[in-house]
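Take a look at the structures listed below.
Each of the next two complexes has chain A plus one other chain: chain B in the first, chain C in the second.
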Partner chain A sequence: MGEKSKNQISLPTFIVWAIALSVTAVFCWILGDILWHGVGQLSWEFLTTEPRNAGREGGIAPILISTCLILAVCLAVSLPLSVGTAVLLAEFTTTESRFGRLVRRSLDVLAGVPSIVFGLFGNAFFSIKLGLGFSILSGGLTLACMVLPILIRSAEEGFRAVPTEYRLGAAALGLSRTTTLWKLLLPAATPGLVVGLVLGIGRAIAETAALIFTSGYVDRMPESLLDSGRSLSIHIFDLSMNVAGGDANAYASALVLLILLLLVNGMATWIAQFWLARRIKS
Partner chain B sequence: MKKSQLTQNSRLSLPSMQTERLSLYYGKKAAFTDVTMPIYSGKITALIGPSGCGKTSFLSCLNRLTDLIPHTKVVGSIRLDAVEILNNRVDAIALRRRVGTIFQKPNPFPFSIWKNLAFPLKEHGIKKREQLDRLIETTLQDVGLWSEVKDRLHTSALFLSGGQKQRLCIARALVLQPEVLLLDEPCSALDPISSGVVEDLIASLRGRYTVVIVTHNLAQARRIGDYAALFWVRAEVGRLIEYGTVEQIFTAPQQDLTAAYVNGIRG
Partner chain C sequence: MAIALTIGLGIQACNQSSPIDNQTSDRFQGRLVLTGSSTVAPLAAEIGKRFESEHPDVRVDVQTGGSSRGIADARNGVADIGMVSRSLKEEEADLQSFAIASDGIGMIVHQENPVNSLSNQAIIDIYTGKINNWQQVGGKNAPITVVNKAEGRSTLELFLDYFKLENSQVKSSVVIGDNQQGIKTVEGNPNAIGYVSIGTAEFSINDSIPIKLLPLNGIAATSENVQNETFPLSRPLNLVTKTQPQGLDKAFIEFAQSPQVHDIVQQQEFVPISK
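The block that comes next holds the complex of A and B.
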């Protein structure tokens, strides 16, 4: 600390604070706006009834179900794939190996590809080539492709963050590589996996462009994974852009989307932590 | 005092080891070359020498932990009870069960204290709860940790003190009943009191295990060692300078370098 008095704020400090505050302010403004307009519409009935009059009236039950199904398909496919790939990258290739570098570079490029491109690819491949049509399955699979790079990269970081001492320690006890991987490294890498999961879910649940071409926008209750289903994000888009007088319900849907996001993330974190705690004890 | 199972565990004979012109290369760079040295059964062999002379590297050859480090090459011969272990037909995993390692930095797993010992035991086929509990208790008593942790066996081992962690790691190696124990500066991260406790523990292993210990503490080497080996870097390569009984190395060294090192003139 210099001689200068403590309540004199230097310019860099001021700028840093100003930036931090304005970021927070923008977030609060968005949140406040959605709450202000949406909370009045929100009710049990809104969550449990079908939309009527193009969504201006009624609720969002089928849309909520479709969203959850799309997310479930996406995670069911992308989670095992990403953990497997991350293990391959982190445990069986070195950082400087050519194969590892190639895969990593491709993933980083994929992560930056605009979602509309994924949408077109999903449409061409899942909907048309594989004949899945406009369906929840096509949508979920397309989203899986989209979040895969994020999931893999953060899972890989998670595995790399596990200290080498654990691997050496396990090897010195005569434990096989498989045992070490499943029973020691995987639980130890859980924090990294959770970070990836939270980011991936966030991106998937908010996705619109990739879903318009794959899961479609039929707002009826889906009867199977092969039915078309409208996701919350598409519903919000449709109500606010194409339906005059749909703003109120658009706001309420946005609020539901936010709550859903928080809920799913909370659950993912909680499950991972619960699992970790069990690993420590028994 | 109740004699623990491990104390009574006097095997018919403990194995000895012998290296013959052993060299280790990291890529093109040699860590040490041409080390020919016996490791006598049931005795404590102390490895001493300045930093970077290849002591850790030497230890990691003895249980083939070097297999895990990419781009390493081991040349020469290591025999465990007359059986060559630098041989692809030898199962490195089975070998490491017989030759346990304690690392310089205590590395308990991010599990509970109990599970740190139960995990390797279970993986090696001991699954019954009573048997696990009994083995874990006797081993923790053996390393003098039982009374300190018996009320918190199911809390994370990461909250133990440094000395307790190191003793837990020793227990984790002992619970598998290895025959040879390799210790890499086990006391260097510990305060003098914990260090003393761990040192006494190691001295008590004499006759029950074949022990190789790396230490920078010459007084410690002299106190607990039966044999000593001095390593030194010559032309950027680690070499074995002198090997002999602790008596010989510390009171009547053959080499000037050894005399200078053990008298604290060099190193």
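The block that comes next holds the complex of A and C.
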């Protein structure tokens, strides 16, 4: 009896394995499908030419540039803001303080807001109120608002994860608070920052709803940040849902988006670690 | 070197400026913003690109969002021109509308099919599966291959709307994506029936592809009948403005209605208008 039950897989074990396998299978299926349909279309020419015939022919060069510009605007605005807020929350307020709780609660609510709401806000505020119109700038700023809660919360967790002994030790050595923060806490909190960055970039680069009313639909090569520029996600959406016969290029664009996401994430991780690791040594 | 270049450019600019002065009316500059129907957007964007290549100082920015957005944006001035994929309603009479193309749909069968017309009821019965042999509508003894459009196509919406059908009621044998695929399916199957943009079908028939367009309600499926609005299964694609268009707006709308863009209209699977 004992022998038998050892070899037999119990039902709960089977279910757990089946769930884990099916999740992996879904991911592999999506990846495989995009690779299968997209790889054939992908070429250097596809990456460096302008779209023709509503995107059915030609490449995605202006769209790739617009996507990178939108992401750059978004990160340039949101990174300093989020690190600043996280430092305030983690180092200058206690978990119990009323102010800290208020900020944290607002951020959690903001993180749960659907992206289309950010899109409508961005359209009303950046595009119309501030007069930026449909532009890469309004799109990037809208995305910055959207990823701020994710960045701040994970950076804050990063700072909180640094042991209190570090701070006490620094104080005992007579280091100023600024030096402690700059030389010790920031490098030590890097893992939290990187997690936030990866999540934030992922959310920003995949965004369609928040961008269609802010950065817009124009697939011309952008001449300035005030030009409207179509992001890759909107291009994929338009090709697969709105343009008859655009499926082949939609798949190729999806593949490019996937590769871009991996590249940007890898680069963010590498830069953060390189830059901060060097600092902690010196 | 840099100075020489600047002077060179300056001289070139001076040389160029004389012919420009003679025809200032042809020289437009600025930015034109169009918003509205996602059906019209790809067409307007392609027309915009050609307009930009003829007027290098002009930028035509096309944004989407739906016909209602096109109307609202044209009214409150967010857009210079709105795009609307239907006729204007009575309460929208304050706007000026300009048709740039039509979206007309014709039923197609193989050229060898002896059936030359079908009543609306017969088409509904074929698409809901009540009639499944050509013999029942005066043809050969052969099963009918029903070709339907994939979800999300504007032609599908127009077709279902006209025949007051739900897509779930349609018993289709083949589901296709674009018009070209529909034409190829009917071309390769003498027992198939489908519906495609009349513009694309006429283009293929001229290319001697063995298909034929069936009349609807006794009205021949031709571009002319779509244009003069006698053909029942069609809708206009409009550009709308708040006031009588002037300057750049006027030039763009006239360009979008001109025969210079008919090839673009056909490429985007619509019926060009003939003025």
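In this text, the second predicted complex is superposed on the first by the 273 of 282 C-alpha atoms of A that agree within 3 Å, B and C clash if a C-alpha of one lies under 4 Å from a C-alpha of the other, contacts with A are read in each partner's own complex, and residues count from 1 in each chain.
Everything that follows uses one rule, which is that contacts are C-beta pairs under 8 Å (C-beta built on N, C-alpha and C of every residue); 3 or more make two chains touch, one makes a residue touch a chain.
Everything numeric here is computed off the predicted structure, so don't read it as measured data.
Engineer: If we overlay the two complexes on their shared chain A, which of chain B and chain C does A:128 touch? Say first, second, both or neither.
Structural biologist: second
Engineer: Now for A:241: first (chain B), second (chain C), both, or neither, which partner does it touch?
Structural biologist: A:241: touches chain C, not chain B.
Engineer: Contacts for A:219 in the overlay, against chain B (first) and chain C (second): which applies, first, second, both or neither?
Structural biologist: Touch partner of A:219: chain C, not chain B.
Engineer: If we overlay the two complexes on their shared chain A, which of chain B and chain C does A:106 touch? Say first, second, both or neither.
Structural biologist: After superposing on A, A:106 lies clear of both chain B and chain C.
Engineer: For A:167, is the partner it touches chain B (first), chain C (second), both, or none of the two (neither)?
Structural biologist: A:167 contacts chain B only, not chain C.
Engineer: Report for A:175: first if it touches chain B alone, second if chain C alone, otherwise both or neither.
Structural biologist: A:175 contacts chain B only, not chain C.
Engineer: Touching A:95 in the superposition: chain B (first), chain C (second), both, neither?
Structural biologist: neither
Engineer: Just which bits of chain A does chain B share with chain C as contact spots?
Structural biologist: The answer is that chain A has no such residue.
Engineer: Once bound in the complex, which stretches of chain B touch chain A?
Structural biologist: Answer in residue numbers: 63, 65, 68, 70, 93-97, 100-101, 103, 105, 107, 109-112, 115, 119-120, 123-124, 154, 156, 169, 172-173, 176.
Engineer: Provide the residue numbers of chain A that touch chain B in the complex, in ascending order.
Structural biologist: Checking each residue of chain A against chain B gives 94, 163, 165-176, 179, 183-184, 187-188, 279-282.
Engineer: Considering only the defined contacts, which chain A positions touch chain C in the complex?
Structural biologist: These residues of chain A touch chain C: 53-55, 128, 133-134, 212-213, 216-220, 227-228, 238, 241-245, 247.
Engineer: Under the definition above, what is the set of chain C residues touching chain A in their complex?
Structural biologist: For chain C paired with chain A, touching residues are 33, 38-39, 41-43, 45-46, 49, 52, 59, 61-65, 78, 152-153, 177-180, 267-269.
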